[in-house]
Amino acid sequence: MLQFLAQTAWFIPCYPLIGMVLSLLWTPSIIRRTGPRPAGYINLMTTLCAFLHGVLSFPTTWHQPPQYLNISWLEVSGLTLDIPLELSTTTIGAGLVITSLNLLAQIYAVGYLEMDWGWARFFSLMALFETGMCSLALCNSLFFSYIILEILTLATYLIVGTWFNQSLVVTGARDAFLTKRVGDLFLLMGVLAIFPLAGTWDYRGLGIWAQTATVDPTLMTWLALGLVAGPMGKCAQFPLHLWLDEAMEGPVPGTILRNSVVVSTGAWVLIKLSPVISLSPIALTTMIGVGSITAIGGSLIAIAQIDIKRALSYSASVYMGLIFIAVGTQQLDAALLLMLTYALAMALLIMSTGSIILNTITQDLTQLGGLWSRRPITGLCYLVGAAGLIGIPPLGSFWALLELLDGLWVQHPLLVGVVVLVNALTGLSITREFGLIFAGEQQQMTVRAPENFWLVTLPTALLAGATLHLPIILQRLGLLPQWSALNHAAGLLLVVSSIVGCSVGVWLYVSDRMTKPVQLPWVSVQNFFAFDMYTPTLYRSSIVSGVDGISRLTDWLDRTVVDGVANWIARTSVNSGELLKYGNFGQTQLYLLTIISGVFVITLLLLRSLL
Amino acid sequence: MNAVTPTPTKLPPSQHEFAEIIHRLEAGGAMLPDTPENLKQIIGIYKAYAVPMDFYWRNLLYIAERVFLNPLPAFKYFLPQDYLDRHNHYAGEDADLRIWRGEATAHPELLEFMEKGEVKRKLPKLLHHLWHDRINMEFAEACMRAMFWHRNMGGQFDPYLDTEEYVANADRAIKAYFKGNPVMLGLYKLFPDMFIEQVRQLSYYSNLGLFWEVMAPVFFEMSDLYDEGKITTVPEAMSFLVNGIFAIAGRPIYHHVYIRGECYEIIPKSKGFMWLYEAALPYVEAVFYRTSPFRGTKSYNAQAKQVPENQDDFHYGILYADVFPVGSAGIPPTLLMQDMLHFLPPYLVEYYQQYCRGGDDTLIQLGVTFQRSMYCVTSAVIQALRQALLYPLDDPNPEHLQANRAFFEAQLNRLTRPEARLRDIQSQDYR
Amino acid sequence: MLSVLIWFPCFAAVIIALLPKSLDLKRVRLSALWLSGITLLWTIGLVIQFDLSNPLLQYQESLPWLSDLGLDYQLGIDGLSLPLLILNSLLTWLAIYSSRIDTKRPNLFYALILLISGGVAGAFLAQNLLLFFLFYEVELIPFYLLISIWGGAQQGSAATKFLLYTATSGGLILAGFLGLIWFSEASSFAYDLLLGQTLPLNIQYVLLVLLLLGFGIKTPLVPLHTWLPDTYVAASTPVAMLLGGVLAKLGTYGIFRFCMPLFPEAWSNLSPLLATWAVVSVLYGALAAIAQKDIKRMVAYSSVGHMGYILLAAAAHTQLSIVGAISQMFAHGLILALLFHLVGLIEAKVGTRDLDVLNGLMNPVRGLPLVSALLVLGGMASAGIPGLVGFIAEFLVFQGSYAAFPVQTLLSVVGTGLTAVYFVILLNRTCFGRLDNSLAYFPKVHWDERVPALILTLLIFILGIHPTWLVRWSEPTTTYLVAEAHLSTPAPQSIMANAEFH
Amino acid sequence: MADIVDIAVGSEDFSTLVAAVQAAGLVETLKSPGPFTVFAPTDAAFAQLPAGTIQTLLQNIPQLSRILTFHVTPGKLTQADLQALDSVVSVEGSPIPIQKSEGFEVKNATVVAADIEADNGIIHVLDRVLLMG
């Protein structure tokens, strides 16, 4: 039985797909006399099935070589597009993380969106994400990874646009779509360009090809940069990071999934592609550079945000930046581990803050405070998430960051500094949020703030439990290093940086010593980060206005020059002003028709004489 | 008797933006124009509203009194039979004050719906529930949460929740409820405020339940009177409401909890909390005026500043809401509209068939009707307050009349905001 | 067999035209629907019997006609024309379905549409250059009438413009054909006869340019396109569906059927230029679309851009790119018809096509939710989102062309990015956002009106998920085309050229 | 001299008030030394209230006594004393505004007879029942 389940693990993405299709019954005009909640329940069930299937097949893959499957899709003119799947511990494990987080997020959504009527659309999109990500995990081909990423781009557009009546949602959805699409198209260029070289899109094949490939370095650099650009958009890396901020207009349950696992899809593809990318040192350096800039810049921006969701969204970019650094320095295991530990911790942070937002109405950190005594469960969950995110032993991210540091230790001392700094800044950032939400005085909006009901609180608590147990699971799976093999200096450095970061946070925001809001002496610096380093303005004044201007120019050219010349030719050649008044159907037109028919007949006659 | 007989006003015309409406109010009318079409709509919707309301109040009291602090209340919307049979204090033979001439137990249409649902099939309760073929209690809870969160709206109920007396009462109930459950008791020891805050919320469940217990029979009676031809104009409908408000003003608001057959008085009746001051007025303020912005229409982004900083500045209630997006995502009133959809009287169903998209957009047409009807209820509240706190409309003293006018103008000033629907409902074309 | 596709619609047109004027409007529409339905069924029958392994012409018919002129009645069908014939029959049926119930002068209207259907089928089937030209020209008049009588605002000027441009197009093509006969001294206009000609290169250039300009107008390609936005906008919904879905394909069909195989050397030499021209078209169309305020115009300009991909594929003329191009013709026909149908529905219900006025149509009760949902799908299909038919067609074009013209291909990929930009603008403004309270009293959309859109969406989905059903028809023919027509891959331009498809 | 209750019982105009005070069990209080200022609505004032109002209050004693205590303020305040004030705080807890008009008006009621002295306070007779808010 278990063996059967393991062999059919490729079916895991199909469960949510079934749920998605079924929930379309409740989108407008089909089932309307009764409410849309069954759509949610159905998707919960299908997600549960997918999860259970994963759980049951996971042990059988353990210590087994990966299985490869091929599903034929299209064969045309010598181009064979089979869907290659890899069933291994890693891929099924990734599927497990996705389905379990989605399960919790969907339970959470049943509670969080209890007043919402757009369930069918929302849940079907959650299912689409689940399908997409599970298939991405299993799929072993760059081409199909591209397809999935592109479909997820559309899904992002739609899920951010769930509350489409609201104007900022509309622009947020637009920007998310376009930014990700830009990344996708670069990826598509890479996909197109790599095939003639490698002759395959299969990751295994690409890996083998990369070992022996000799490609023109310039070409390889462009190719590798194209392949990196796609994940950059997905992972919200500088300068394609803005969409994640705007995507925060979407509902919290969607954010849980997006900030924890959806952003990692790019990193996943990157890890798969790393043999190819490592053919170009410039691309690797670019990745490290982009990752470092995003990590440091993002953590500074996060500290300056007053919106809870946005502060956390920048932390998401930060961790993706660390993963970029990890992949850039070929620390794939560290990257995978960090993806896992990060996903749980971030999902937990979003869940607990979402629970605050739900019934204190405001998302503004400056309007919150004093919730600890009445919201201790949420507060504890937040703390667990925070501890799981930064390098605090024995929780998950400590081990992941330690592994990363260990790999960087000898060759990249500068990057060690970056990681440690980012860890400290993130520590500061999340303690700041904790302080502003839970410590301090009650404010108007937090006077009446009960703990949320079970559908919201229970999944949060469950996830907190999972985050706490993660190190034990990792230990069981043998993913944690032996004590003797530990880089003690790195571990110490990491712990110290976490302590420093958190202590500063506590001193500034949890204790009463400082007056809130805490102001930097340099307002311009604070604003610089609060307004996201002014990138929105930068975009508006460069790309957006550029495309807008060129399109207007084209339109003007089209109306005046191109059309004008054509009209002028027509006017002069037919040489009858009256004829071309472009009037209604009348004698002139009839005249014209007669001329054309005449020419036609005469031509025929001419031909006769010709032949 | 309250006599809102129209009298010619002795004051010079009002200069207010809504002068016409103010003159109508001074003549004993409502904010809603007096047309037979309006009357038909509002009475019909009162009827459709009262049936789910009959469920809401019973369920709210059930949660406040019985479910209490159950940490996993998965079945809190499954109302036990004794709560369906529970006698409304204002209907039936044994009523304290018989407002509705019908029976005191749950309304027959409600019972029929609970049994067969919109699918018109007799299925187990759980299936109806899962098929979302049920009353949307979530809406009632959201109203409760709006009252709870906005809190500061007059009356002594909310300040009482912060007194030591209240905490002591709650403490007794909590300890009794979790007797023999060391985990929860331990948790209570660790985080007492968390539990007390939950009990405060439950007290609001009770508050709202007791409030709606009165409103359901009022609306049923109005519907019956209209069917009998005894209510013929909008002002008559309104004065019925005004009389109702007075008649019931002294109804006690309390919170009792029943644990293992024993009654724990968390808020005893002896506190003297009254229906009018501690429930009705806060309810109108919290639900009709304030609530909170629908997530589908306003951004909660802190930097966008679309949500006001002060709770007083919240104006998102039914008097302001845009009904047109009803049915889409993030628009909470859809739950109520859907609940009313099941119980529309035939004449309204027929009426909606004639306009816009006929049966296809009933949800929105009835939403607009509901908005009209709530303007009528708000008018009744304004007239009742005027009657209680100010002077008769036919007062001979012009100073008194001026005071009345100032009051009306002050009330309408809140409705001059651009998003208020007062302008729209003046026209019959808004549907 | 094949003649039925031409003459049955014509016969049907006569029947419809002769139906008594007193007959109920609905009846006339229904009869037109039945008659075109029969054509559609006949086409499906042909498809079922079509021999997939045979790359050559099938069902050939040949009758001597004016043999003195070199004009014989020669018909045949292969993998290039088959998808387009299906498209023609399908879209004719759907166009009739999506016509308004209260169309004025219905007899004439439906008769003209059926006439067009027959004529277009003739053009796709003709295996004689002059016969092709006759059918090609014969479309002109019914379209002219359809636009000028049933069109929207400014229909008169648009119709005249259409007439002038397409007449010029016809003239150029005729000149090209005549020149071909003249110089090759062929005895007839028969296609297979001319296929083997070997003309001097400079004559090939001249003739090729004539034909390219002629077909370029019809396709249309920048800068020969300015008739298109005006015409598409002025045309009523069913006519726009036919114009965009079928008529434009006559141009691209001409390029693949005549320009490419008849002048192989010239084609190979000119192809870098053509590829560049294609990119200009792609980018120009997309950029112009971004600036539009009228959604129908926007969709019209999208068509200019998408036709550029086909030219790119033709320029590259690899096997893969040609399969891609044929798929793209079919896919684009479906998508454009869907978009025009939906835009027409929106205009009919909301009363405007102005992006600044439209808003919030996604609203489930008072908006046009299903229309909006399908519009999202249509727009995304057009922008090349995978899982929908547009993607696989574009991808094959890109992958096929990349080997030959990497830079142009990558620039075309940028074009799909710009496509996404304007479709997102369109969707954001029309479907998303808040419904304007004073406007939100649109009449409801009947199921009947949704049927064409649903059928098209279903096809877009099915062919997107299972593209084999799309590409299999044309694959043998393209293999043959590339192999037999002396077409060799152009000289290696870059290191990419060592590409091998296996 | 008689106390407040005695005076009310002795007058024909206060039968409703007296009944209410008795029902609410406030007799003892009002007989205590006080002193109190009582705003006493006449029977006609009670009759102006819509039907059912009194019935509901009589069924709910705490609520009734809350209304009644709203008519009482501690201290012995004459018309002259009161008119110097903007408002006084009632025993119920809510403030009672004193109008600055020509006549002697308490909130929206007019005082029809002022300054009736009693042992333990003073009575002002109102033509309208006062309601909080």
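Think of it as A, B, C and D in the order they're written, each chain with its own count starting at 1.
Operating definition for what follows: contacts are C-beta pairs under 8 Å (C-beta built on N, C-alpha and C of every residue); 3 or more make two chains touch, one makes a residue touch a chain.
No experiment lies behind these values; they were computed from the predicted model shown.
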* Which neighbours does chain C have in common with chain D? -> B
* Farthest chain relative to chain D (centres taken as mean CA coordinates) -> C
* To do: Give the identifier of the chain nearest to the protein's overall CA centre, each chain being represented by its own CA mean.
  => A
* **Separation of mean Cα positions, chain C and chain A [Å, integer]** => 37
* Intercentroid distance (Cα basis), chain D paired with chain B, Å -> 33
* Asked: Using the average of all C-alpha atoms in each chain as its centre, how far is it in Å between chain A and chain D?
  -> 70
* Structure fact -> Distance in whole angstrom between the CA centres of chain A and chain B is 43
* Shared-contact residues (touching 2 or more other chains) in chain D -> none
* **Per-residue multi-chain contacts in chain A, two or more chains** => 28, 164-167, 169
* Would you please write down the residue numbers of chain B that are in contact with two or more other chains? => 297, 325-328
* Which two-chain combinations touch? -> A-B, A-C, B-C, B-D
* Structure fact -> In their shared complex, chain A is touched by residues of chain B numbered 71-74, 117-119, 130-134, 136, 138-139, 142, 145, 148-149, 151, 190-191, 193-194, 197-198, 200-201, 292, 295-304, 306-307, 309-311, 325-332, 334-335, 338, 341
* Structure fact -> Contacts from chain C onto chain A in the complex sit at residues 68-70, 130, 137, 140-141, 144, 148-149, 154-161, 163-165, 167, 170-171, 174, 178, 182, 187, 222-223, 225-227, 284, 287-292, 319-320, 323, 360, 362-365, 369-370, 373, 376, 380, 385-387, 391-392, 396, 398-400, 402-403, 406, 409-410, 413-414, 416-418, 420-421, 424-425, 428, 431-435, 467-468, 471-472, 475, 478-479, 495-496, 498-502
* Asked: Which bits of chain A are touching chain C when the two form their complex?
  -> 27-29, 73-80, 146-148, 150-151, 153-154, 157-158, 161, 164-167, 169-171, 173-174, 177-178, 181-182, 185, 188-189, 192-193, 195-197, 199, 216, 219, 547-548, 550-552, 554-555, 558, 562-563, 565-566, 570, 574, 580, 582-585, 589, 592-593, 596, 599-600, 603-604, 607-608, 610-611
* To do: In the complex, go through chain B and note every residue touching chain C.
  => 297, 322, 324-328, 356-358, 360-361, 363-364, 424
* Structure fact -> In their shared complex, chain B is touched by residues of chain A numbered 28, 33-38, 41, 114-118, 121-122, 162-169, 248-249, 251, 306-310, 357, 359-367, 373-377, 444-445, 447-451, 453-454, 458, 530
